[in-house]
Amino acid sequence: MSDPIINVELFDANFTTALCPELILVAGFFALMIIPNLGKATFRIPGTQIRVPYFLGGERYPIFANPRLPGWIATITLIVAFVSVLMSFDGGLQRYMIVSGSKELLLINGFSRLFELIFFGAIALAAIASMNRLQSFDSSDKSTNALYNNRRQADFYILLLTTAMGMAIVALAQDLFVLFLGLELASFSSYVLVAFHKESKEGTEGGMKYFIVGSVASGIGLYGLSMLYLWAGTLQLGELAVAFDAAMAPQGYPALPLIALGFILVGFGFKVSAAPFHFAAPDAYAGASSPVAGILATASKAMGIVGLTRMLLIVASPESNDDSAIWLVALGILSVVTMTWGNIAALGSDNPKRMLAYSSVAHAGYMLAGLTAIGAWNWDPELAGHGGDAAIMVMTAILFHLVVLVCFKLGAFLVLSILESEGEVSKMSNLRGLSKREPLLAVSMFIFMISLAGVPPMSGFMSKLLMVMGIVKVAIGNMGDAIFNGDILSIGDAHWVWWLALIMVLNSAISMFYYLRVIVTMYFHEPEGDRQGPLPSGWQVRTAIFACVIASVFFGINADGLIELCEMAANSLNYSWASQ
Amino acid sequence: MSGSSSSEVVHSSMAEYAPLIILLPMLAMPVILFLGKVFNTNPTWKNTLKEGGIIALVAMGASLFISLVIIKDYIGSFSNSGDIYSLTWLNTAIWEGGSAITPIKFGFGIYIDHITVMLLFVAAFLCFLINIFAIGYMNTDPINDNRNHRFYAEFVLFCAGMLGMVLSDSFLWLFIFWEIMGLCSYLLIGFYYERPSAASAAKKAFMTTRIGDVFLMIGLIMLWDLFGSLDYAIVFDTANIAAVDSGSLQMALGMMFIGAVGKSAQFPLHVWLPDAMEGPTPVSALIHAATMVNAGLYLVARMFPFFGAESMSGELIDLAFIIASIGGITAVMAAGIAFVQDDLKKVLAYSTMSQLGYVFTGLGVALWLANSLDWHHDPAAHTIVVVAFGAALFHLFNHAMAKGMLFMASGSVIHEVHHAHHHLHHDDHGDDDEFDAQSMKNMGGLASKMPITATAMLVGSASIMGLPLIGGFWSKEGIIANAWRVALEDPRFFFPAACVLLGAGMTGFYMTRMWVKTFAGKPSNEVAAHVGPTNSWIKTPLFILTFVTLSSILLAGMGFTHWAPDSEYSFLSDKGLVDGIMYELGHAFANHDAFFFILTYVAIALSAIIGPFMAMSLFGGKLEEGEDCKAWFKPVIALNNWVYNKYNWDNSGIATSGLAVALQNRLYIDKYYDLAMVKIVAGFSNKVAEADTKIIDGAVKQIEDKSQKISTVVRSLTTGSARDYILWVAIGTLLIFFFIWGVA
Amino acid sequence: MEDYISVPLVGFPIIASLIIMATVSNLSEEMREKMANPIRWAILLFSLGLLGLTTAMFYNFFGDLNGFEGIAFNNYEFHKRYIWVESLGIYWSVGLDALSFPMVWLTTLLLPITIIATWDEKNGAFYHPLILLMGGALIGVFVALDLFMFYVFWELTLIPMFFLILKWGGEDRKYAAQKFFIYTFTASVVMLLGLVTLYFLQNPLEPLLYSGTMTGRTFDIPEIVNYATIHNSGGNWFLGASMQKIIFAMLMLGFLVKLPAVPFHTWLPDAHVQAPTGGSMLLAGVMLKMGAYGMFRLPIALFPHALEYFQLVLMAIGMVSLVWGSIVCLGQTNLKKMVAYSSVSHMGVICIGIATMQPMGWAAALFMMFAHGIISPHLFAVCGAFKHHYHSMEIGSMRGMAKHSPWLATSMMFAWMASLGLPLLAGFVAELMVLIALWHFLVAEGWSVLWMVGPALVLAVTAAYYLWSMQRTIFEGGDETQPPASMDGQPIPDIANHEKLAMFVLAMLTILFGVMPWIALDMMNDWSVQIFEGLIMPILGNFNGGV
Amino acid sequence: MIDPAWVSGLSALLFIIGLIGVFTRKNAIIVLMCIELMLNAANMQFAAAAVHHGDATGWVYALFAIAIAASEVAIGLAIFLAVYGKHETITLDDINVLSN
């Protein structure tokens, strides 16, 4: 990180370079609006018979009338955006700060870029997987139904792109309100995406519940922001951090920012589906189509983590030397409750999508445990030692987890999405005999499941290991040195977040049960009823699944590169602990 | 590869080939098994090779030959004593704390001394003879068709085990071969696997001896811990013995003795032996008379150096007393049970137990003497100890020979009775369950039909009873005399001494009863009347053993009781044969010590007069009219008839008394053992198994079950109503406030 | 030195079997049936090659050691280290010593035997590759010299075994497979946390060799052991007493569950009863030994003080496993369950051997691992054949086996006798040495000799349940009619030739190692002496034992 | 000029009314209105804070928040319509096909 941050005003020289992926998204967005509408529309100059073609509307050209076209446009857009993010890493990442006057708006650094990778990657995979899902008709079919359905293709992908856009803004935002805007953009899009399947009771109901609870949560969050603003007079992250630090001990704890902190925690807590804010999530996942549920479980969760990171680690940053972050106990309890609740609830769940939803609640708990550990990074001046390293390690673990979560969690949803193409997937028994019907699909699901459970050598294991290592590193800190200098220390002398690690590994053992149930259902039971033979579906979604499988295994076996990337991103958070 | 490297040849003599004695039969086993499997119904295999019998015989013959040469060498020079081979078998190490590790090795080797030599002869000789007998017995019985190779394979392995046990140079290898014998006896008793009774007898035999073996193993471990080795050369070293604590040593030896009790079927681990008669008769002869049961005796005899060590003087007498008492109890108890047995082989089985009891008493007495007397320095004491020990060993020898012969003879009888029955009931063969060829109730008057067998039986019985001048007389008198000798010193010994004296009379009764019921009197049924003579495979060993038993006076005259226990004593060096015999006769019948003089005649009166008289008066009778028998039976049968006619009395009162019923039920010991097994052991184990499923696994299942239930409860909170979800959000918000405020 | 381990012993079996399975899964049913035979042969030949390789290693083909003797503590033969995850200090680090080599050899031995014994297992195109995969994973556990790698392979073994049980198991296989997986997984995640805590307790100020760039600590076992040894010496406790005990306990939990020791054993009977023959053979033969192996490799090597501290506990656990396991055996009516509990009992012997803290006890424990690894597959092969031919596992459902199936009866009797510790068969030496070491320990340390009651009882009880079961299978007896009802009057077959071959080889090996135990025991003894000289004596030298 | 604290207090009141409303009312439209109340409470707070700090950004925040609220209503109503189409009710308690 030797290069300084370049400040970029709006539409400045470096603006397009800095925001290249976002601009690509915008371009894709417009392309999606325009291209499917290109047709032989003409405009008659009033009073004349001259018809000037203006191409938007009319009888559309066959090539643009293809109902699959929007899918391709969105996919290509997302992939290009993804690649452009990836390319920005090439030869050392140049950091940019988009500013407007004295206000910092967006920061482009390793951290935000990595999240963009997660978002774009996940949504691109979902876009690919959705391509054959929505009903489509030959473009020559002129019936209302056909037209209507073909138009919906574009709607769906536009919403995907806006989701991506909103998430990208969240990742980049340096102002809490900008972050909130991005969050809302992504949220609104996802509400609609969840409810997109409006021909079914479940789809609409899921969408509605997700919408209501989500709105309440973001209302609470917004109110929290307003209180924070009332207290500090700014929502700029940097300024807030300074103000917060100054206001905390030893002067005592002012009420306003603490209330605000609580409210904002709720807002983001809903996004990561932390208990008890997770209730709508299972319903939403069950109601939504599988790729959308996959987005909610991965990208949306990552977005929530970005919010939490910004709020907890930057604004309410745990800097004081003699004490831990103010939110430590609250978040610790939240994480334990979340992971345990998620796992226990998933144990008996018979709906695979709800099961995955609860499992994603549990995963949220693991990440919250990681965040809690960061909160404790400097818990004891002597024992914590190089706590900054530990905090970076935990952050690395969280980032790693989010990245690989896209591989296996989304992958699992994509497998379900193939199954959905033959009918509803609301029972575990719908998975029966998958190993006979589609051996490779079953193997993929198997890999996703054991990866979710954290069985080596899958990436899920690596991510859990990193998380445990990070937490333990925080908890143990420099004790090794102290012990060898003669101090008699026990595990009780380590920070209590060590117990979070224990609870976490025990939880992952509990989770084994329901992941195994999926595997058993696929491999043990015979196919049920009329669900026989290979599944119908296009090659696109299979490609996406294949990519997920490869990544799930690859990042487990050869994690080094990704760890370094995540470490770099974690470092680039650039706060007090990271600078040590 | 430590095993083969450190071979060390002590002497260049025939003794070097001693391992072959074990190896030949051991290698014969797979050969027989394999060939038998492959050529199962091949005529050459069946008729010429006797389904492996000949191969076994060759192996046993070779073993016997090498054994005899070694014995000759040994007796000739005594030079080949001690370790012949000493190989390392296991290398390991012990840490005694501190910074040193003691390497430990367990070796294997051949060890030859006087006890080895004697047992070696008994084992090799009897195994060989019984092999001959088995060919005659097994191969003529259609029930064994096509599976005799299994018999011979197990048989030779058994012999290898016995020979190995005798020859090995450490208690460890003694134990190893001991266990191999246990396995073979299990297999052989269960040879007729299709009979439930055989299966359960085999199990019982293995199980009972196993209990003893466990103690033996623990005893050996204790012994190892005292000496750091189990090699005879080390543990018998007087300096080493002097270094150990006598109490611990006594514990160790006591534990080992329990092993011997199991193997030699002494009270209270005797229950297996009578049941073991389920095996084919050669097996009974081999295992349960001639060899295996001697293993226990051998083990106790091997303990002699501990008792004899000066440093232990007077310290181990309690154990000696226990040994003698166990022997005494068994001698009387088994004899009592033998009174009421109708099964020919069962009588012999109890007789075996009883006689082994004698040997144990004799050993106990000898060990007591060795432990108490200053025999290292006092020549008179030395003689007493040696002779006492020698008497026990001599009884072992006599009993083995006689009992082997008796079993073979009984086998011959059973065989022929069975054939006769088969012949008579040709039509309904295959359904002859009702007929018991072993029951003496189905015999009688066979003396005329089977002269050789009857003779052998007569001589054997006489030897066991201790009729003067024949076989067991010499040794039994010695045991009784020495028991009383010790009893005068140590009053506790009145108990075993009284037991063996009483037992002498009882032996006279039941052995006579057996012979008389089988061979004298009238045939009790049609079958017995049609019994024919046996074949020559069976007769040959009977003939040889009859001779050996009869000639035991020669052995006595050669000073068996002196040289057998004492390697210092040079064979035939003191006196000539005739002098020796005269000395022994004088010693036996004209003892200078009045006490022993009287004792001798009391014993003779009990065993040779009162006991047989009682038996004859109850079970006597003459042969069927017109039946002729060999001249030497005539006086016996005549006497028998005379006593019967003159003194017959009604014993039904006694026969139905509680004691008799108890004896018939083996004093209920088996019953209570069974009860203990079924009620306590099986019941307890079922309870434990249940606890394992219900409690330990139940806890796991509870976790599974409860977690599912909790899951249902937790999921039921997701009611489906959006309002509830929002309520939870509100609650969560409050909780977050609570915890943040709580910290702040 | 060339790398003889990574690719041939670990990598190739795993990758080859994965490729085979992936290929086969795309074939039609008929093609799978057709391919089953060539795949079987290929895998058999390959596993024989592995056996050849390890045997050549033993016979010193590649090195200059005398059968793995003379390797100082914490030194390894064929040691190779490749960087894996640099940031965390993870290396692909493999090596062999006399602790791991017998286990590796055993694994390579059992692979072909298992394949032969279950030659005609259904769906062979998957089954046999899965066995090979299992073998590769097991070898990986034993050769790993990196905590991470060790843990990865440790868990990896679960997957093929899970599928073996799930796809080829008995009636209740679904439950058993899941229980097996979850139970052992739960224990091993606790172990993982212990390992991670241990990892971070390394002094970050003086990083060890092979430390990660990000963490400044290493997963390298030899380095950590070396480090621990240094810090354990001089009366100090590596990591301090309290911490050492806690981490010791956490690691031991994982290993004791795998072993398994009472009261953590209940997954084993279920898994065994439901597992297919091949699965049971590998499970009992090698997988259980992972527990004992792990104990030696990690907690014992790292925390001798804690071992001494927990000696009583370990002894008690071993004793309870031994006694409880065998008494439960006596109450079983299911043949395979009985054999499974007998494994629990035997593993108790290992535990006791370790608890004696004597080179003899440790060598005996190692030899027990090895001997049980030969005998228990035999037991399970017999059980499998029994089930296969008589469609029942209940003791008493088939009687007079000696008549109907003499081969199986003979084999069963042999296996049973071997398992009950008959002298001159492999199991005896280990039992004897453990008992001697135990007694010596009790006497020298002044513990009550009543501890000896347990083993004594078990020696008798073991005989009782084996004899009892033999009476009701091999012999005839009792009231039940026979042949068994489950046969529906079908002619009663004897075992097939391939089963005979497998059992025969196992029997011969049982005899070989019973009569000539030194082949394996010498290196094990050498190893225990080395670890005592290199580790235990310097650290616990003031151990107030001795006479 | 009104003290911003009063405005703040009012907004808190509004927020609490909204929050209680969302989980007590059954009709989705009313719940939506309650959500609007909550958002408006935030708006007021932003406005009050902008006055308090004399910072124009607060006004901007408030404006954006209004826009957010508007789009939220639009999306909400659209979803409710779709719900009504399938469930023929918008009473929240009656819409629970998905639960557990």
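Order of writing sets the labels: A, B, C and D. Residues in every chain begin at 1.
Everything that follows uses one rule, which is that contacts are C-beta pairs under 8 Å (C-beta built on N, C-alpha and C of every residue); 3 or more make two chains touch, one makes a residue touch a chain.
None of the values given here were measured: they were computed from a predicted structure.
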| item | value |
| --- | --- |
| Reference chain A; chain at largest CA-centroid distance | B |
| Innermost chain, taking as reference the mean of every protein Cα atom displayed | C |
| Busiest interface, counted in C-beta pairs | B-C |
| Inter-centroid spacing, chain C versus chain B (mean Cα positions, whole Å) | 39 |
| Chain centre separation (chain C, chain D; CA means) in Å | 64 |
| Separation of mean Cα positions, chain D and chain A [Å, integer] | 25 |
| CA centroid of chain A to CA centroid of chain C, Å | 43 |
| Residues within chain B bordering two or more other chains | 715, 718, 720, 722, 724, 726 |
| Multi-chain contact residues (two or more partners), chain A | 208-209, 212, 216, 220, 282-283, 349, 513 |
| Contacts with 2+ other chains: residues of chain D | 19, 22, 28, 31, 92, 95-100 |
| Chain-chain contacts as defined at top | A-B, A-C, A-D, B-C, B-D |
| Residues of chain C that touch chain A when the two form their complex | 22, 25-26, 84-88, 148, 151-153, 155-156, 158-159, 162-163, 166-167, 173-174, 177-178, 181-182, 185-186, 189-190, 192-193, 196-197, 199-205, 214-216, 231, 239-243, 246 |
| Chain C partner contacts - residues on chain A that touch it in the complex | 385-386, 389, 392-393, 396, 439-440, 443, 450, 454-457, 461, 465-466, 468-469, 472-473, 476, 478-481, 483-484, 487-492, 498, 501-502, 505-506, 508-509, 512-513, 516-517, 519-520, 523-524, 559-560, 563-564, 567 |
| Chain B - residues contacting chain C, complex | 1-3, 88-99, 101, 104, 172, 175-177, 179-180, 183, 186-187, 190, 193-196, 198-200, 202-203, 206-207, 210-211, 213-215, 217-218, 221-222, 224-225, 681-682, 684-690, 692, 696-697, 700 |
| Residues of chain D defined as touching chain A within the complex | 4, 8, 11, 15, 18-19, 22, 28, 31-32, 35, 38-39, 41-43, 45-46, 48-49, 52-53, 55, 57-58, 61, 64-65, 68, 71-72, 75-76, 78-80, 82-83, 85-87, 92, 95-100 |
| Touching residues on chain D, where the partner in the complex is chain B | 19, 22-26, 28, 31, 92-93, 95-100 |
